[in-house]
Structures are given as C-alpha cells and as structure tokens.
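For reference, the structures are reproduced in the following blocks.
The two complexes that follow have chain A in common; it is paired with chain B in the first and with chain C in the second.
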Partner chain A sequence: MPGSASTTHRPEGLIERLRSAAADGGEAKLKVLRELKNQIIGNRTKKLSYIKLGAVPSVVSILSSASSSVDCLLIQCAATIGSFACGVDAGVKAVLDAGAFPHLINLLSHSNEKVVDAGARALKMIYQSKAAPKYDFFQHKNIEFLISLLDKNNENVTGLGASIITHSCETNNEQKILADAGVLKKLINLLQGTTSQRDASLESFATIIKQNPEVITKFVGPENSTTFGSLLELTKDRYPRTRLLACICLTLIKNATSSSSSSSSSSSYLQSVGIRTKLILVLLELVDDFGQVGDEALFTLSSFIEHEEDLQKLAFEANTVDKLCHQMQKESLQAKRLEGIFTTLGNLCSNLEPCRSIVLQSPKALIIITDALTHTTTDVRVAACICLKNVSRSVKYLSAGHFMTEAVIMPVIQLLYDASTSVQVAALCTVSNLVVDFRTHKSLFIQSGGVKQLVELSKSMDSTVRLNAVWALRNLMFLVDSRCKEEIFMDLKLFPLTRLISDSNACVQEQALGLVCNLVNGPVDSIMYLFTEGLLLNTVGRELRRASKPQVLVQAMYVMCNVASGKEFEKEAVMQQLVNEDDNNQSIIVTLLQSDVASLRTAVVWTVVNLSIPTGAGALTRVVKLRNAGVVSQLKNMVNDPCLDVKLRVRTALGQSMTFGDFST
Partner chain B sequence: MSLFWSVIRQLAEIEAMATSKKVITRDEWEKKLNDVKIRKEDMNKLVMNFLVTEGYVDAAEKFRMESGTEPDIDLATITDRMAVKKAVQSGNVEDAIEKVNDLNPEILDTNPQLFFHLQQQRLIELIRNGKIEEALEFAQEELAPRGEENQSFLEELERTVALLAFEDVKNSPVGDLLDISQRLKTASEVNAAILTSQSHEKDPKLPSLLRMLLWAQNQLDEKAAYPRITDLFTATLEDPAV
Partner chain C sequence: MPVRMVESPAPSNSSGANYGQTCLQPCSLLSVGQAFSGTQNVSSPQKDEAWRVNVRIQGCDLDHGYLCGTMEALNVPMADTPVVTFWEGEIVDTKNYTFFTNKWKATSEVDIEHWTKFPSFSPLLSQVEVDGGKSLDLSNYQYIFMRWKEQYFVNVGADCGLTIAGFYYVCFSCVDGSINGYYYDPNSSPFQKLELKTTNEGRSGFSFSSYELQ
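After this line comes the complex of A and B, so read on.
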C-alpha cells in the first residue's frame, strides 16, 4: 500500500478528526492538534487549504473549552493558532474571526511560563500582520497593559509589546503618548536583552521617533547620551539585522532633527564626519547581503544622504557609486533591490557631477537604467526614471547629446503613457531635463511623438501631472528652431494654451507663461504666435491684472517684454494691455514697479525700456502715454533701487524717455 | 665629508634594526606572560560556553555543580537540541521537524530556507529507502509549492528529484546528496537555527580564541623571534629559533 504516510495527512481526513476531537474531547485532541501544527508550520499552501476547510474555528473552540490545568493542550492550541497567523493575512483574519484573541490574552497570565510563551508568540504573529486590529493607545488602561508587557521578564511577551507598537503607532499624537508614558526608556532597557528582544525594541523605537522632532529632542537628545551611545554601539553588532535597525534609528534621528527648523540642538546630532562616514560604511557593507536586510540597507542609505550634499560626498568617497554600478550588472536582481539601487544612485547624482560621470562611464549602467524603464514593477520604473533624470543633470553629457538617442528617448516617451500617475510624473520630470538645452537634438523627441502626449497630459485633471507636462513643454520650447516651434504650436493649439495660462493652479500658470515666453523668444516672427486671433496677448494681459503670485506676474511681464521688443505694431499692442488711458485707476505698470519682489521690478523696467526705445513712428506718443500714466515719475523714485539690475535699467529707461525732452517743467 | 659618512652609517644601522628580528628569550617571555592576569570565572565561562554550544549536556550539568558556573541558557534545551540534531543525523527527519516545532514553532515558520532543506532531506531519505512512489508524492505535494515560491529552491528540488533518474546513483552527478555529509550539513543548519533562536551564538568561543592566537603569532613572527606555541594540543612554548 503505497504512500500510506501521506494519505493519512490528507487535509480532509485530518479536518474530520479535528472536528470530532473538538466535539468529543478526550485524548484525541492533543494528538490531532499536534499533527495539524506540524502540517502547517513553514507551509503556506497547507495553511491556506486548512483555513479554507475551516480548521481555525475548531482549534479555537478546543482552546476556549480547555481547562486551564491542561497545559500541553493550551500550548498546542496557541502554537497552532500562532502558525496560522504567521505570514498569512487570511490566517490572521480567520483567527480573529473565530474569536481567538481574548483566549490568547488570557494565556498571558497563566502560571506556566511555557503557556505564556505560546500565547505571546501567537499574539505577536497576529500583530506582525497588517490585518491585525489597531491597538488604541488613547485608552489609559491599554497603555498600562502595554507597559506591563514590556516589564515582563519573558522575551516573547516583551516582543509582543514591541510588535503592538510597531504595528499600531502611526500618528504624532500616538508617538507622543507612548514616549510620555516612558515607553522609549523601557525599549532602551530591552536593548540589553536577547537578540530578538533587541531587534523588536529597535523596530518599535524607530516607529515612535519616526519624523517626530519633538519626541526626539525630548527623549533622545544629547542629555540622554546613553541612548545615543547604545544606538551607535549597536551599529557594530554581530547580527546584520541589528546593525541595520540601529542605522535606521540613527537616520531617523538625523533626518527629523535636521529638517526641523534650525534649532540649536539639532547641531549636536550626528554632525561628526567620523560617525557619518562610519554609518555609511556600515550600511554599504549591509548592502552586500542580497536578502531583505540588504534591500532595507539601501533605502536607509538613500534616506540618510537624501537632503545633504555633504553626506552625498562622503558616500561618494566611500565608493558607493562604483559599488552600486557594479551590483546592478548582476543577473536576475529582485525588484526591491533594483528600486533601492536606482533610488540611491538617483540621490547621489542629484548634486554631484563626479557621481554622474561614474555612472555614465560605467559599462552598461545607462543601458540597465533605461531597460528598467520598462520593468513590470511600478516602483522600479519610477526609481529608474528619477535616476535617469538626475544622471542627465550633467550639463556636460547632456549637451553632448548623450541622452537624445532612441534607446533613451523611446522608453521615456512610452512612460508618458503609463497607467500609474507616479510613473507619468517621474517621466515628465525626466523629459523636462532631457529636452532643456540642445538645439540640434530636440527634433528626435518631437519626431518620436513625444509632444502629442505632453499636450495630452497638460490637460490632465491631476494638477501635478498638468504642471510637469507644461514644464516639460516649456523646456522643450527653450531655444528651439522655428520649424520645431511651429510643430509644437500646431500640436499644442491656441485654446488649450490660453486655458493653461488661466489655470486654477498658480504653479501651472507660471510654467504656461514661461512656455509662452520661450515661444515668443528669438526671431521676431515668433511674436506672431501671440497675435493669432489676438487671444493669447489678451489672456496674458488679463493675468497681469488678476494674478497675485509674484512668479506668475514675472513670467507674464516677460511675455510683454519680449513682445515689446518687436516692431511698432507689437509695441502698440503691449501699450494697449498695460496703459489704459480711459481707466482712472493707477496703471498696472506703476503698481508692479512698486512691488517688493526685485525680479518682478526688473521684468517691468525691462518692458518699459523696450517700450520707450526712441526710434519708430510711435515712440514719442508712447513715452507721453507712459509719462501721463505716472510711470516716469515712479521711475524717478527708483534711481537708487536696492537691486542693482533694477537700478541700471531704471536709468536706461529714464534716459530714453528724456530723449524727447523733459516735459515735467 | 665626515658628516656625509656619519649619516650613511646611521642609515645602515637603522636598516639593520629594521631587518634583524628582535629576540625574546624564554625567561623574558614567561615573565611577560605571567604579568597577564586571567580571571578564573572567565575561564570557566569559556569552558561552559564550549560545553553548551557543542551540546555536552551531562558534562555541562556536572561542570555547573562543580564550578558553580551558570550556563547562559536552560540546560534542558540542550537536550532537546541534541535530540533534534541526532534525529536528522540518523535520517529521522520527520521526527526532527516535530521536535523543532515543539521547541519553538517560530523557527521553521520564519526560516523558509531551513524548512526547505529539512523537507529536502526528508525526500532524500525516502529515495534512499527505495520508497519511490511516496517520494514522488512527497516531492509533488510538499516541495513543489516551495519551488514555486523561490527560484533557488526550485533548482535544488530539481537536483534532488534527479536522484530518481540514475540507476547507479552513487556515481551520478547528484550522488553527493545521498552522502552522510548531506545529513550532517542539514543537522548543523538546524542546530545553528535553534541556537540563534535562543540568542546563543552558533559557534563556541574557544576555537575562535585559538584561531586568534595563531593569527597573532603569525603577525608577530615577522617582527620577533620568541617562544611560540605550535602544538595547540600540548600548548608548550618552543624555544625561539635564532
């Protein structure tokens, strides 16, 4: 009779015996429970099939009816329930639905330590799942219970306490409640315990201090130097996971305190170059681990260096770029690892040209990054795209046409069609960068159909997508030749452009006006785009009178300034927009000249300079109109403007208007 | 002129000092060693650590009573751990798995690689015992799903199932799986996992101390001649070769 051993293990048979054991009781219970436990431990598929067959309620009913004196039965029940909950969200749900929770809590106060162990392990498994219920820290008795767990001299019980925190503490208020209740201190004490206690404590410690400068300053400050010292010490621990968690805590401390307003205490956290370098080296070494620890080490390293160029330099000097370029060449890397590599490289290349050089000179690195643009995982596509964007910030390689190749451009354009908004935004930022500054190479992008999709995205309901699409168009329009300009304008069309100028989002307006500026910049005939049906100039003029954000006004004024550099017809059109003689209110020019924003005053004075050039049939009339509108006397008040640029242009404008004699007398 | 020569002579002396090794006599050496103080309790702890890690439970118990040195883990768990190790070494893998699960259900639930290797060992034992149909069924039901979850498990599984394909398995390219060393490998993996779960290091400290001693001597050999220990068994100081 072949396979006898396996056939008795068939789930259906075991379930039958479990049910009858739960109903009849007796000796059979223990045996069948143990059998079930040994079937499911480590075996995800079996867990799922037993859950489906309804095994969990039977186990819970055995637990609930068991006398508290039958220790081994309690232990087997708890172990089985714990295993169902371990690593399988459906299991956690089944366990909770069957009402196991209160029974497991009861086990924690049992006199037999082994029963307590089993109960705490099962509860810990539940809290390690996202499917677990949120623990309410706002109730005083809950905090008391939590502290009682952390005070127990049992690693499973303290581990349970730590897991509850890691799972449920999310908001700043919750962090504060826990810190004020003395939880951080207890966690620090647990760092002296066993490996598992140490790791669990570090993890929940990180949860409590994450992005909370207030808690950090109060509980982890220099006056609590032992805490800080313990964390530093643990970065040298024997276990990689412990080293990683210590680095995560230190990174959180540094990031939270350096981003908070430059308080004096922040200077004392992790400022020593020695410690900073050390931390980078520890993380880099952890990156060699190709498991979860290595992946998390990459993200920690990336977040550690993210906002500080000094740290990026240290990481560069520690050969991070070479290491990552080397690592990305490895075959069949997991998605998480690729994402981590691209994110870290992206950060390093955001400021430092030497980093970009290494990436671009490393064999195949650019190919691997562009290949990852079509990766099946969204996060990898985003990370690769941002990495490409930052690498392409190298003016040297950018203007050498290094990126305007089909191999790079085609996948990036493809990402503009991506179903995920985050990918689209990353791709738009990358396009913005790639198209910015190389006259001769732009046509490839235009011919590849990129403009059509940019225009499409500029109509998006999502303002971030819209903003970045207009931004990309603006950069594409920068110093482009007339033929390309015409093609872009044909795709963009007049009406959508006027709508973008009047967009509800001021940032979009600013970019749209910048786009118009670039459109009318260059050869004089470019200005004609503004007069197509006379609409565009009117819209810009209206925004000048309506908008309040200085950046929008600056861009709008530069559009006027560019147009005013044209011939008589164009100059007159600008005059009509800016100086209305029928209007008794103060001229918009005078109002804007009085602005606090120097860049805005500069733009206005430039426009006045262009309008008052003393050649051309209408020159005299224009100067008279400007004078009547009070512009000249306003300029006279500005001859000593604090902004040098303004001061110089004011003198030019005044000089020009004087050419026709000073009518003020 | 005279200054030139004196400089040259000085340089030559420095050179000689750099190349000739310093000689330390046995007397001097023993005197130096006597100045190093080692606490008795530390020695006892090292011995206890060795006994506990290697699993000599009876010796550890005796040593505890005679020396008063407390072991850092419950001695009863050593018995359990040794029972698991022995079960794997003698091919009773199912028994070993049940024992590990009784000891701590988290070990196999959170260590997929170890779980896979134990199941693989179970498959190897079935094949060794000629239970071919059972082996096939077991591979299909228990191991195949793990292979789907992990590429490297799949490769190992394929290699193991290949045992069925050879008539003369011992001389086949996968013959090593049937070797006793495969059992020992699996047994030591389980042993290490249990020790780690008990926050205990998986290797005793004594061997690493001895390794450190040999390494330090090698470093010192380049700079000095001294009475060194070559035979770790007798630990006798040998007169320096001058």
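After this line comes the complex of A and C, so read on.
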C-alpha cells in the first residue's frame, strides 16, 4: 500500500530545511547543501524548479555567512552555485541576482587549493553563459587580476581566465589591450597543459586575434614561429574539438594577414600548399562529426577558402564538393548543418566552373538547394540563396536554360517577398544571375510576376535592396526579345527609371544606366523607348555633366552611343545633349575624352564614331559641330592612346571625319 | 593638324619576371552581347557548300582567358531548323593558354599548320615554334587568337546527325571585329573556313549591351 511521501524528500521540504539551515547554522548546512547539489546536478528541470522555489539566495546566504575556516562548507556552496549556473541562463541570472559573484571571487584567494578550485569552477560556469556580466578590460587592476589567473597552476583557475576573455573580449581595442598585456603569450604557454586548458586557451586566443591584423602581425612575427608549430601540431590532436580550435586559429591568422598589406612570416608560412591542403583535409574530416564540432568545421572551412581561388581549387581537389553534395542528401539535417553546407558550397562555386558542374550534375543537389529556399530558418534561406547565386554564375549552364524552370524560379521569386531584408537581398542577387538566361525563357520570369516585384523593390528606401533590384532588371533586359522588353517597360514605367538614373547612390545609377543601355540595344526600334516622353535622354545627359564616378559616366555614355547608332533624328538628339554651340565651356565630349579611365574614353570614342558615320543627311553638319567643339583636335591627340581599344576607335572616328575633308587646313 | 599614327609593333618578346603574364586588353568588339555573321565553308571534293553562320558572345573573362557564346548554322542541309551550338573559347594570352592546344587530337604540328593560315600569325611563328608562344607579350597586338570548342547543341538533340567533335582555330581582328577561323577535326574535311563580320542589326552604328553576374 503506497504511503504518503515525506515532505522532506519533496523540493518544498528541501527548501524549508535549506532556509532553516541558512538561518540556524550547524552541520545541517553541509548535509542539505550536498542533498540539493546531488538533486540538481545534470538535471535542468530540477535546477529550474529549485530556482523558482528560491533556493539560490539561501545557498548564497550560507556562502556569505560561512567562516573562511570551514573549507568543506565553502566548497559545497561553490559547487552548488556552479551547478545552478551550469548550462542554464536562468541559473546564472539567479546566482548573480543573489549577489554570489564577489563571494566566489573571494574564494580565489583562499589558502586551500580545493576551495580555490571550487570557486574558479563556479565562476567559469558563469562566464560560459551569455548572461554573465561583461568584464571590463579597460581597468588596469582587472587586467592584472586576469593575468594572475592565467599564471596560476590550477586548471580551473586558468580556465576561468580564458573563459573571461572568450566571453568579454569583443572590440578591437579590447583585443589590443589584452595583446599588449602579454595575454597571448600566456595563452600559448597553456597549450602545453591539459585538454581542457588547451581548448580554453585556443578559444581565447582565437577571440583576441579575430579580424585584428594589427594584433596578429605584431604577435606572429619570426620570434613566435614556434606558435605555428604548436598550432599545426594541435591540428593533429586526438580530440576533435582541439583540432577544430587549432584550425580556427590558423584560419583567423591566414585571413587577417592576407587581408592586410603587411607581410609577416605567418602569412608566408600559411602560403605553403602542403600546409593549406592539410588544413583543408583536417577540417573535411571534422565535417563528418554531425555535432557542433562538424558544424563549426564547415563554417571554418568556408571562411578559410573564401575570396581565394587557389584555396578553393585545393578544396575542390580534396573532393569537398562531392562530399558536401553527398552529405546534403542525408535525412533530417539540422539547420546549422544545412547553412554550413550551402555556405561552403557557395564559396567553392563562386569562381570554379568544375565545382558548379559537379553540383549541377549531382542528381539531387539543385533540388535540395531550391527546397531549402523555403526553409523555416532565415539563415538557411539566405545560405541556400547565395549558394544558388554562385552556382548560377556558370554562363555555360545559363545558356543551356538550366535555371529558368518553374522549380527554381518560383521559390526565388517568393523570396523577393520575404519579411527578412537579408533574404530579400540574397534573392535579388540570385535573380540577377538567373535572369541572364540567354535563351528565350525570360518570359517565364516575367509571367510569374517577377518584374512587378523587382520594380517595387527598386523603390525601396534601403539602398542595398534598391541597387540589387535594379541590377536584376538590368540583367533581365540584356538581349531580351522585343515582346518581353515591352512588358518590362510597361511595368517599369518612365518615372521610376528617371528617378533611379538620378539616384543618390552612384552604384544604383550605374545599374539603372546599364538597364537603359540594354533597353535601347537590339532592334533599332528599341531606341524609341527613350523618346516616349522625352525626359529620359535629358536625364542621362544631365548625369553625364554631373556624375563623377567613372562607371556611371561609362554607362551613361554607352546609352548615348546606342542612341547615336539609330536614325538621323536620334543622332541629332544625342548631339543636342553632348554639343551645345551656345555654351562657351569645353564640350563634355572633350572633357570625357581626357579622362584617365580607358573604358570611359572607349565609350566616348564609340559615340563619336556613331555620330560621324559618313552616311546620312546630317553627317557633315554633325562632323562640323564636333570639330568646332574641339572633338576632332582632341581625337588627333589620342591616336597613340595607351589603350589599344581607344587607339583603334580613334582611328575609325578620325577616318570618318576626314571623309568630309581635313579641317586642319 | 595631321599627326603621324604609330603603327602597332609586332608583339615583343617579354623578358624577366613578367614574361607571358600580361592579360590581354579588353576589346569592345569582343564583349558580351556582340553579334557576328558570315559563313563556314564546308566544301568537300564532291561539292562546294557554305553554311550561313551567326555568332553571339555570351561570356568573357579575360583574367581566365575565357570566352563563350553560341553559334547558329542557318542552312544546314540535314536540319529542318537552324542549328545552335554553345561553344567555349580559350584565348591565347600566353598566361592561361598558349598556341599549343595539347588536347582535342591536335599536335603542335597541327596547331602550327592551322595558325600559319592567318597572315597576322606570321610575326609570331618563330617564337611559337620554340615555346608555343609562352614568352610572347600579346597585350598590345591587334589580333586575338583563340580556340573555340563547341560543347553542346542548344536547340537540337545530340542525335541530329551533326558532329561537334572538332574545334576552331580563330583569329579576331580588334581593328574591325572580323573573325576568321579554321575548323579542325581529323574526321571532317580539313581547313573548313569560318568568316564572320561584326553585325549592327540594322543600325547606323555600333550598339552595346552588358550584364554583370553577382
């Protein structure tokens, strides 16, 4: 027959005894603390339950009132507090709210090593939580205290020092203060210690050097070459986490030194193909771990190869693409793993066509990537989108119409409506590539409502969204057939286009002018779009006189060039924009012909070539006007232009103008 | 005021550390979107025959010596519609590619035999015989040499009875955008000549379009 449970075995009973022990003292304290600790250790539910019942303040009260001579009581208090803080943010908060922090710090200077150890362990638990207070490195005494911790011959105390750094060091200034105080050397010394010391030390080391070339180049000089040896040795450690952390440190050193102009022995050291390949292989092996280590290994590998085609080649040769394509087909992958796979694949496909080919020839890879575009996690949607963007950098597959299918296009268009701006931007970048499609399939994108949303996003207040929306429209307009061109133009309307050409952001202007350039390219009738309301050419002309960014001027000049390849009245319209006889200032053509930017000079000379083509009723008049404006003289100065393209076009333009006679006499 | 024009010199032998490492300068007539039309002579001893051909440049990456596009053959006897193929080009820039093909069943003798058909190649011959042209600086030369290899049929199946097993030796003139080429396939009639000129699609002048991949 079941009996009623004694209240002393229920949490409420234990709390009652804890409170009375805290008030009365005696040996009961030790007993009840042990009991409480044994109940909560490794049990999150019980921790939360006791926190709710107010156990933590009682424990802290016992700690604060305990005599420093009762070592075992201090140890039990610290251990219980540490257990509450371990892995539970609410526990950390309760411990801090109860005022445990200064009492635990006091324990670190106790004469009994076991008490010190318990205090350090509890504090380490606190610093492993995001809820822990930020340590102020700007106080000199705090740095001194931190160094004293790292100097101790106690694993938990040095671990506490490392945890404080990993938790609190965030800014470049903080990194510099720690580096200047010699903390990096102390951490390197700890690499010889136990596994937990090594890992804690590597993590802190990574925190201090992260994206800080100044700290790295100062530290990783020739005098510290042994550090590399130690880090490289640790990439072969028997523990996966240690191998990972060593790879993270080496990746951070490589990335920071390759992005800074200063060279150091470290960067040259990491140039070795052998070492680079080894690092890639170590990380690839770690990727097989389906836990946190594997996830972090993927992001580390991705960061290691990002922006460096040579490294991407090495990773490709190590069969990374095959491995990831295989791994992404596994069932029920966690969001973090998917994000890591897409990010790494995306980097590999950013430059290398063979990588793209493997992804596109893998039976399910493209389906899995497009499925992930609708994933519930934002970061996965962004990573999948960027992966698709880089895979679609293949002109070969674009030309085969590989991407312009409903299965790919529809989910990407849907992402243009995503609530997250980062997803929208990633989707716009991807659309920019997909719509380059050279076959006659652009209509699928248009009929699916893509253009309307691009136009809508091109009006965004966010300049990144605006830029990428216009970029996508510009690429969509490239070699598009007349029917689609008309549909796009109808959606686009004139006013937004005029506004985009005059946008406050020069990059938006450049893309908008590129869009207009494509609009008036193709069948000669296309030029008429520019004259439907008579404003657009004026706007382009105004930007030619006003803009300073060469890329904007190049695009604007190619608009003029394309219009000048049209009929007589269209050539005349360009002349009106570029050569004003009533204006005593130097002609804009001459000014731009004198530019240092070869591509701009090329665009201008092409425009002059089109304006001076000898056939046509107004050709002579135009050539005379160009001569009067000083254009022909300027061209004569350019017959030996250092740019071959410019030089050849100058000869054509001069040859054409001279068919009407040499005006030099 | 008349100015004497300096004629483009023959390509120089570069020396020192920079040799063979200079990218070609961009040529606007060989940029994406540009179209060319002309013929390919496919005559055999039995019959004189030429197909009308249109070419469009779709991709250009000078850093990697890469060019690609489509080629449309218009009056192919055994096909009901124009046959479009996608081709990829290797630009002989002496950095990414030399005059020696080293693949596609082309020996260096075959290479020289085809390249010498282009008059603009003659100043380069002696050096190419030595090292495939590796030490030549072609960055200021008015001609661009390439190999175009068709990769797949765009609008017909691979079983259409036509072959794309061979490749073209191509010479592009930066001066006027004209293209000359010779098809090489050990199993096809030798030296089928490709002749293309830049087209202006009904315009009175040159027009340009562009895209940028992200």
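We take it that the second predicted complex is superposed on the first by the 640 of 665 C-alpha atoms of A that agree within 3 Å, B and C clash if a C-alpha of one lies under 4 Å from a C-alpha of the other, contacts with A are read in each partner's own complex, and residues count from 1 in each chain.
Heads up, the rule we're going with is that contacts are C-beta pairs under 8 Å (C-beta built on N, C-alpha and C of every residue); 3 or more make two chains touch, one makes a residue touch a chain.
Keep in mind that what you see is a predicted model, and the values were worked out from it rather than measured.
Partners chain B and chain C, once the complexes are superposed on chain A, both fit on it without clashing. In the superposition on chain A, A:38 makes contact with chain B only, not with chain C. Looking at the shared chain after the overlay, A:606 reaches chain C, while chain B stays out of its contact range. Of the two partner chains placed by superposition, only chain C is touched by A:517; chain B is not.
In the superposition on chain A, contact of A:326 is made with neither chain B nor chain C. Look at A:134: by the touch rule set out above, it reaches neither chain B nor chain C. Across the overlaid pair of complexes, the angle with its corner at the CA centre of chain A and arms to chain B and chain C is 110°, in steps of 10. In the overlay built on the shared chain, the residue A:433 is in contact with chain C alone; chain B does not reach it. Comparing chain C and chain B on the residues of chain A they touch gives the larger count to C.
In the superposition on chain A, no contact is made by A:364 with either chain B or chain C. With chain A fitted onto itself, chain B and chain C come no nearer than 37 Å, counting C-alpha atoms only. Residue ranges on chain A touching chain B, taken from their complex, read 2-3, 5-6, 34, 37-38, 41-45, 79, 82-83, 86-87, 121, 155, 194-196, 238, 332. Interface residues of chain B facing chain A in the complex, by the touch rule stated above, are 97-98, 101, 105-106, 108-112, 115, 131, 133-134, 137-138, 141-142, 145, 149, 151, 196-197, 199, 201.
The residues of chain A lying in touch with chain C in their complex are 389, 392-393, 395-396, 398-400, 429-430, 432-433, 436, 438-439, 468, 471, 474-475, 478-479, 514, 517-518, 520-524, 558, 561-562, 564-567, 571, 599, 602, 606, 609-610, 613, 615-616, 633, 636-637, 639-640, 643-645, 648-649, 651, 662, 664. Only residues 1-3, 5-6, 8, 25-28, 32-33, 56, 58-59, 68, 70, 86, 88, 140, 142, 151-152, 154, 174-175, 200-214 of chain C touch chain A when the two sit together in their complex.
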